[in-house]
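What follows is one structure encoded as structure tokens, with my remarks underneath.
Chain lettering (A, B, C and D) follows the sequence in which the chains are written, and residue indices restart at 1 in each chain.
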């Protein structure tokens, strides 16, 4: 019961602020609503007892990426953006795609309603004490079963980082 | 009874400790922050051959309350061109982040809001870093040059130094092998030594980085009053300003608590496993009693009757606390209270010492310049922290796989990191020398005559 | 952000930003207003807007008698009022062609050197405060207090003392004058060491001051910068030695010089100057000649027509008085060469290419007093 | 240049310059204007200066040393006069040659510091203003003053190129006396606000003037007081 309340609260906040993020004209306001969305999503993670993903979401997305977003937005002249056309002509296409996606999700939820633990009805969450500690579990998976892909991803990120540094250097 | 009400009741029954602790944090931290400010002013005055606040209450003991009242009834100014909503929300964000992150901190084995969550330490760091939005948004919303420059500076500073602080914490976490706050302290008890002695360099890096993160001198550039007036807080006044201020001091408590937990043995008393040092258990009670006795001594010297009474009151409070700390030691049936109470005492004492260090540095050192600060962060602290993480890892492998003596392995780590530090410093000096020989940058042709004056 | 700056600011602030510092700003030492042209945080040019404290001192002089004007000069460089008074009194004495008696000269020297220490203490405290060191200010004020107490005992005033009169002194040195000065000087040696401990070797302090605001000797002379600013650039020149006035020819002291002409050198020079002033005071109280304290000047001063220029080494640089007399009791024209005003001109040269934080350090190191800049 | 040959003139009378002194108008009036005073009131109760005033004390004596000789050789007629007043030498020079003389002083005579630059207003003279440049030589440890007589409508050459320190000093002279300088990079008021009326250090600028104007304008009192 309580779980449901919490879930719908976070979900509601996430969707509402996502909508506001898209429609706000002021970029800083949009950023603030994006932050709220991300935080609400993090809340849902926490409610699902995925503590590590919860905190990763906060540290990486909210604490890291969004700070840089806001940082950049602050330096841009906002009064120009205010006078520009907010949505391009593709908005009807976008609406169409969104509706199609919503339909797809709805159909999936509906069709899987019989499978236990899925569908519209939320399962009763497992008490945290009975779950394996998920940080350790995640680490075990990453560094044991999926070591190679993990390392490949790391190298890829490193390459991207070096590339970014080189590109930034060139300009000055 | 409706199911909803039942659920609520069940909720309260399960979580009442957490709820109470949460309320206590929200209620007590602002007061404590106020008294930290008073302590800072008093210490500063003492170091500067002054008296500090003396008017409100004996020795200015009521000053924080007077300040709070003043700030509450002060006019709340919002600049005309400010973005009102963001301006309004920014200080709240700052304060909320600091208070929320306290939720996962264990003030002794008995006092903690969030029962040891799996990612305890990460939670504290991650959530407290959200406070930066308060600064950035506040600076932006004020619509003033000083504010926005202060906000830009603090963003850059926080992002840089959080990296260093995080890496320094990783060194400690490697030793502990867990993120759970309670388990970290238990690990130190198990090792029989505070981690600061095993990873001194990591502790040092964390101290420096945490000073920078809390925007304290010598890294208080975002609010460098001689340059940027008050940085991102320039346009704030009254209670909003107070919220920023509280957030800042709450943040100091948070970083102090993190450092204490990870490096200074948390709520363990010094030498937790040495039997013959058990007399240290009596220290908390004796200490508070001594403070009380001093208050009694001072009470006689107060010029005004009211102040004498007040001093007696403070003394009485100290004696009561001393009694609470002493009784469980002496009365066998209450023995179970000892770890909780004394743990809290030691924990708070260590945080105080940490905050004292912050203040001491603030009164002593000049301020870094922004580029110097960034260089220190990126060219010295972060590489050093990375080397330190690697070295600690190597040392642990040496100990666990090859059976080295722990102290020998850790000594090796420290030596390696210190050598790296020296190398980095040399490199930095060379770079600085090269930069200064190149500076001042080539003079522009005097096309801007209007500025020739 | 959006209004005036927006006109020349495009995406990411790549263009210049004009930042207005002052006249109400914690570190412009009064009501100085500096318009900074910034590229990011780097200074591309400065423009000083001054005059907020202009009181028309030179015009007032033309409407007062010679004696009546003397207190006004105290209000120019109000942290070194005694030095201002010395310059004015000596200038008028030269105009009258009289000389103060030896006893007056020695007491004047002691007072002026104490004032130099006091002025440098204020400079040190505020300069350190600008760079973020809080504590030295209070130590400096503690020592300055001792000096001001001596002034107060001597003439009853602490800040704008009007200590000297044209032709000599009005007040005889009080009984324990020598003892007070000696006690202060003895104590002061230990105190200076405290500042040295706090600042001189501090790597942050060095980092903030080395190579900041460099002025070469040629630039100093071309810009007219004088006093410690000039000496820090390596010019071993001091009016007290070059053209001795008061009783300076009787005492031994060194002229400290710097090598780089940066903020750190200016700091070192001023610190050493305080030590040298202390030595001068100690030498002077050894032997204060007996005799009268007032020279032969009448109650009404009517200097013969003509003109005089007299300058002294004030704590901040060359303080000159150019006085034209038309033979009446009121000066026809008094021109004051204010060291702060002329030193402040070097700000633009020194600040270009540095960061905003350095501008604060540079304003501090110039040791300006707005009362003197604006007069 | 001495004032002995001059007939005592009433300081009130506008100056018809005596013949022969045409070459040196500026300093002559200075002493001529001032000298009569002690003479007019011989029994003044004050004792003006140490040598008891029998004749009007004259402190200005003509100067003719090596330095002035060199200047005269170099610039001839542009050096209008050379005087020593209370052991302080000054040269009176023509405004037309100001820049050249300044450059010569700096480069050849090594007067490398422009210690001060100001002006004095003599409203009753033909050439109303005296520009006063006080030079100091570090190598020779000596000062030299240059006096440049200037009529009210004349402008002087700017010395900013020669001594950058002249920048603000010339602005201050402009501010206080309304003398403008040719070739100054930024000729505007410095101490007073841009909209200020008049130039305060001129002798005809009454100190009550601003006050009176303000009272008239804001309080509507016709007398201004």
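Keep in mind that, in the parts below, contacts are C-beta pairs under 8 Å (C-beta built on N, C-alpha and C of every residue); 3 or more make two chains touch, one makes a residue touch a chain.
Note that the structure is a prediction, hence the values are computed from the model and not measured.
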Dominant interface by contact count, named by its two chains: C-D
Chain whose average C-alpha position is farthest from chain D's own: A
Computed distance of Cα centres, chain D from chain B, in Å: 66
Intercentroid distance (Cα basis), chain D paired with chain A, Å: 78
Intercentroid distance (Cα basis), chain B paired with chain A, Å: 30
Computed distance of Cα centres, chain C from chain A, in Å: 62
Chain A: positions in contact with at least two other chains: 75
For chain C, residues contacting two or more additional chains: 2, 345
Multi-partner residues of chain D (at least 2 other chains): 167-168
List of chain C residues in touch with chain B within their complex: 1-3, 5, 17, 19-20, 25-27, 37, 41, 44-48, 128-135, 137-139, 142, 198-199, 202, 204-205, 207-208, 210-211, 214, 345, 348, 352-358, 360
Contacting residues of chain B [partner chain C, same complex]: 44, 47-50, 81, 143-145, 148-149, 217-218, 220-221, 224-229, 362-372, 432, 436, 439-441, 443-444, 448, 450-453
Residue numbers on chain B that touch chain A, as the complex places them: 3-4, 7, 11, 83, 85-86, 89, 117-119, 122-123, 125-127, 129-130, 132-133, 136-137, 139-141, 148, 151-152, 155-156, 158-159, 162, 179
Touching residues (chain side chain C, partner chain D) in the complex: 50-51, 54, 56, 58-60, 63, 94-98, 221-225, 235, 237, 242-243, 296, 298-309, 311, 318, 320, 322, 324-329, 332-333, 335, 337, 341-342, 344-345, 374-375
Chain A to chain B touching residues, read off their complex: 1-2, 26, 28-29, 32, 35, 51-52, 54-55, 58-59, 62-64, 66-68, 70-71, 74-75, 133-135
